[in-house]
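Structures follow.
The two complexes that follow have subunit A in common; it is paired with subunit B in the first and with subunit C in the second.
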Partner chain A sequence: MSIASGQVLSPPTSARRGRLATSLARLRRQHILFVLATLGPILLLFGVIRVYPILETIRLSFYNYHITQLRRPFIGLENYARLLDDDSFLTALLNTAQFSALSVVITLTLALAVAILLRSIERAAPGFELLFYIPVVTPWVPAAVIWKWIYDPMYGVLNLGLSLFGVPRLGWLQEPNLIVYAIVLVSVWKLLGYFVVIYGVGLRGVPEELLEAAELDGATAWQRLVHVVLPLMRPIILFSVVICTIVCFNVFAPVYVLTASAQGAPAYDFKVLVGEIYQNGFVFYHMGYAGAECVVLLLCVLSLIAVQLLAFRER
Partner chain B sequence: MRRRSVLTSGLTLGAGLALGGIGKLRADTATSGKLAIWLGYGETAPTYQLAMPAFKQLYPNVQVELLTFDLREFEAKLAVAVPTGTGPDLLALHDFLFPRYYESGSLDAVPSDLAAVAGDAKVFDPTFTTLVTRDGKPWGVPWWTGRSALFYNLDQFKEAGLSGPPQTIAQLWEYSEKLARRGADGNLTRAGISLRLTEPSGGIQKFGYFYYQMTGQQIFEPGKQPGMVRVTLKDNLDIATQALLDHVEHLHGPKKVDDWALKHDAQGFANGAAAMFFREAWVIPFVRKNGPDIHMGVAPMPRDKAWGAFNLVEILSVNKDSPLKKAAWDLIRLLQEQKYLDNLLETSGWIPLRKDRDFSGFLAKNPEYRALMEEPAGYKQYVEAPDTAYQEVTARTGEVILAAYRDASLLGNRDAARKVILKAHDTAVPILKDAGIYEA
Partner chain C sequence: MFREKGVRIAAWVVCSVLACFAVAPFVWVIATAFKTPAEINLQPPDFLPAQPTLENFHRILHDEHFLRYIGNSLVIALGSMVSILFTSSLAGFVFAKYRFPLRGLLFLVILATAIIPLEAYMIPLYIMVFKARMLNSYAALIFPMVIMTFGVFFMRQVIMGIPDELLEAARIDGASEFWIYSRIVLHLAKSGMMALGVFAFSEAWANFIWPLVIVSSKDMYTTELGLAVYQRQFFTEYGPVSAGAVISIVPMLLVFALLRRHIMQGIATTGLKG
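Our next item is the complex of A and B:
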């Protein structure tokens, strides 16, 4: 009987379960459809604009691909092998590394120092942050043109100022030993404001009570910075180092404009990786070779980011 | 049913393609549409604009789109657009770009009447006819040249007690030493001659000006086989070494006549910061506009073993894929007329190549151009070797030479200078080999 009643009762239960499952499945399907409808176009666009060009660049790097030549044979790793003997590429790699190291260290150290100083004048800080941020929104090309005039050896304001202290005329963009520092200075001027704002946000997130507790325990300002503030800002610093490294490794516009010769033709007096990629790809039309340089740049940046992630790992 | 619809679609598509093909054939002589012209030398645009009313009378339904770009941007856009069939209808090509588009089959054959003109020695110097001719046929019409000359500051020459421009390369260096000026701090304030110290392609070209006069050859000479290029640096190793040593000697040490920190080229000359420099005809309107107080003299290139002027030639061709070929050729015909050539000369400073046109009125009013437009006996006109790898080979070889200019340790060091020349040679050869145009 119980079996019978159980048999009588069981169909409605399983039917309910079935209906529930169907509803859940429908809901899940609708959810997936909703997600696809909302994120799909963005993912598609991301695929077309970001992923496809990267994959295509990697593919091209294995070909002898010249824009104006119909024959584009597969050459395996030959482009990569040639990079090892290419003086221009190796110089550009070295210059880019030197420029990036100097720019990242100086920009981020200065930005942190400025952000900490601004914390001590909390009410005026937004105004100063705005001032520091102005170069960030100034487009690279006009900014570089202005700096080119500042650096001008004969008529530039920098040499004029230095001459008041007896410093002889310097060719900031003409002397191979000076040009890297000149470009680093422009880069620091341009990027500083962005990281001042980022660090400012990070510093505001440090709980006041922790700083007060440390102060009560007799910690000096330096000790509070090193043992309280910096450890708490580790994620912000990591983010800044990664972003700044990426931006600096991709430097091109300021170098291109600052080193343009009198007639406006690119002088390439200071070779950087993206400049070499531009020259090989869009001046000499060696797209395959430029592709190999792009892959090396990608690997360099990824390796540096991996090292930075490891260095900043929570222990 | 499905099969039938596929068949129908196929037939429709085939018919469409066939009609499209016929349409395309007919469109070559179309009298309506948009005729695109792209220019890398924007200063010639006013001449095209001046020709528009006359062109519009011939083709009232053809809209002309005239776009000017920065030179390098123009070259890059052309390289991408022409092979993909999206390039301009009229191709205004500099002589070093011309071989690339001829070899990729992108050029339309020149109509017979214009071909006769292009091949006529009374109309064009044979040097320029050769430049556009392949397999006995011209593939473009030479239009203007950027001929090299020596520009010098008359007032500064007078101040240095020099009565006229240097006649030889040796005199050029000697005069430059007399013309250079130093400030109280010992730094140069005026270059005796503004050398090309940046931008490698331009650097090797200007080094080549000295090299040509000293050797009678260009660094990159046309090979015996059409389209091939020879590197002559090893053939003239001692002279090339001397040319490099001359430059180094005048950039470092007591005979220094130029410095990287000075304003260079036409800008430096227009500012009075350079007493002499080599450049092309466009400098005349540039200096008139930007240095109105400068009294400028223009002279033929100084001679040595040889005597000649370098020519950068602009060639007018038509894109083989253009639906408006006839209209484009008619515009090129118009641009050969005296009125437009006068305008080209007056507005851009580039020199028209037609020998059968009369520019005497212009020369009477603008005597500076005489050194550029009149050819004394024995003064040879030479052009770049047709070179599909021109930009790469000149940029990379130029980098070697410009780096050597900076190296003061080369001062009087013949062995080291010789090594630089050999390095420049060895830099050029693999690039030409890669491009398949190297001739040993």
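Our next item is the complex of A and C:
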């Protein structure tokens, strides 16, 4: 009986298995077709809009490339050699580094302090985070426009407020020594909220039991912060340092708005890297030279990230 | 986390001061936007406008053609947003739910371009647009913003949270892969899509350097470019400029206010930039 039933049943089973196998293979083929049909065009876009321009920028930096001239000779490292003698480029590099260092350190320290303080007033925290986030959603141009009006030497509220404390009128955007702090203040104002929220996410992940255990052992608030909270926050702090460095090294829009212009808005001509790239590449059309500046910008950002990764490595 | 009384008091004081620091410039610029020229130059200034006027808005919108600029910005931001939502969700879906050769490597290449900012490779992009004789066109303005590296990463994170069994069940019922994407995945990833949409829209709206290099004719200006160029004129009138700044910020604030829960959640899960 069992043999008979086996004989009766076995052919359909194998047939079904076969059909299942072919339909599975068809499904898989469909998958592959779907993956190719969707990912193909998207990867092509990435190739054309991201990968190719990045590589092409590096190639251009070895050429004397002017967009309207047909002769574009290969000149090796000459663009880079010229960069070393270019005073406005060197000034821009120094300015960008100074601005970024100040802005990253102040923004992230303040954000960390605020995020930690917010955890002690948990109920009010979402409201404060929302207020801090308003400057983050403000684009750079109107943000800088607002601050330009605040910094105005004659009618600006900053000088007015300071005069209450007996500080004489200062040309925040006119004094070569002050303008970097003026731009740093704008960027801290603009970026702070984002990092408060990011740090807040990290701090909520610190297990409460650890803190209670440390408290039972008699650790003060400061000791708990330094020995429990901060080590756990290491990955998020690293993420923030990297993001903030990239953003700051590419500073341009606020500088464009707040500094001098060809039409003579009175302010100091504070040079930054991207400003130099814009000037050489799109005003003078020396695109090979500007390409070399882009490569320097890229190398700066990448090496800073590498240093930060090393510094934050788990020991 | 720290419940000591001193810390709590310090928290209230520090956060209140910083909240004022964050918000005060807005209040000031909004107040300025409604003031008459005489009132703007008043020393010491009134905090609130004595006779609120819409003159500044009228001037910036009509005399300075900001209506046209706002329209341009909307076209670019919406175009970029739709394209990024489509490409990011599709690529994110494929990277999250399919196995295929080179998957890891391709994803890594895409991800690696994320830390390289547009400023560092805009020259070849400009040359491409120049050679195609597309300067001063919407297509050129949207072109570098039709994809977003971060968007692919973000949507992959979101879609990885959708259980495989759901997709498998649909497949057994004979659903095509595209149907699964459009009916199941997009539906379940709605919250993530909203956060990414807001982010893509505001990135494109706020972008400044690309319109600056691509656009030379005034009728293609974006709001940001128009505002930056207008305020750089030899004599800056703060009334209309403030009105322009308010106009440029308000759409961002509205979108943020409406969707803040989705956005905050997006930041919390993947560090979505604001």
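FYI, the second predicted complex is superposed on the first by the 264 of 315 C-alpha atoms of A that agree within 3 Å, B and C clash if a C-alpha of one lies under 4 Å from a C-alpha of the other, contacts with A are read in each partner's own complex, and residues count from 1 in each chain.
One rule holds in what follows: a residue touches a chain if its C-beta (ideal position, glycine included) is under 8 Å from a C-beta of that chain, and two chains touch if they have at least 3 such contacts.
Keep in mind the model is a prediction, meaning the values are calculated, not measured.
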Original post:
After lining up the shared chain so the two structures overlap, which partner does A:Pro176 touch, if you call subunit B first and subunit C second: first, second, both or neither?
Top reply: first
**OP:** Tell me which partner A:Phe46 touches in the superposition: subunit B (first), subunit C (second), both or neither.
**Re:** second
Original post:
First (subunit B), second (subunit C), both or neither: which does A:Phe282 touch?
Top reply: both
Original post:
Once the shared chain is lined up, is A:Pro153 touching subunit B (first), subunit C (second), both, or neither of them?
Top reply: first
Subject >> Most subunit A residues touched (candidates subunit B, subunit C) >> reply: C
**OP:** State whether A:Ile67 touches subunit B only (first), subunit C only (second), both chains, or neither.
**Re:** both
Original post:
Is A:Thr57 touching the first partner subunit B, the second partner subunit C, both, or neither of them?
Top reply: second
Original post:
Looking at the overlay, what does A:Leu210 touch: subunit B (first), subunit C (second), both, or neither?
Top reply: neither
Subject >> On subunit A, the residue positions that both subunit B and subunit C contact, one per complex >> reply: 67, 261, 263-265, 282
**OP:** Give every residue of subunit C touching subunit A within the complex, in rising order.
**Re:** 1-4, 7-8, 10-12, 14-15, 18-19, 21-23, 25-26, 28-29, 32, 40-41, 43-45, 87, 90-91, 93-94, 98, 100, 106, 109-110, 113, 115-117, 119-128, 130, 143-144, 146-147, 149, 171, 176-178, 202, 205-206, 208-209, 212-213, 224, 227-228, 231-234, 236, 238, 241-242, 244-246, 248-249, 252-253, 255-256, 260, 264, 267-268, 271, 273-274
**OP:** Show which residues of subunit A lie in contact with subunit C when the two form their complex.
**Re:** 27, 30-32, 34-35, 38-39, 42-43, 45-46, 49-54, 56-57, 60, 67, 110, 113-114, 116-121, 124, 128-143, 145-150, 152, 155, 157, 160, 189, 192-194, 197-198, 201, 203, 206, 208, 211, 221, 224-225, 229, 239, 242-243, 246, 250, 252-253, 256-257, 261, 263-265, 274, 277-278, 281-282, 287, 290-291, 294, 297-298, 301-302, 305
Original post:
In their shared complex, at which residues does subunit B touch subunit A?
Top reply: 70-72, 75-76, 79-80, 83, 100, 104, 185, 187, 198-202, 259-268, 273, 388-389, 391-392, 395-396, 399, 406
Original post:
Hey, which residues of subunit A end up touching subunit B in the complex?
Top reply: 67-70, 88, 153-154, 168-171, 174-176, 259, 261-269, 279, 282-286
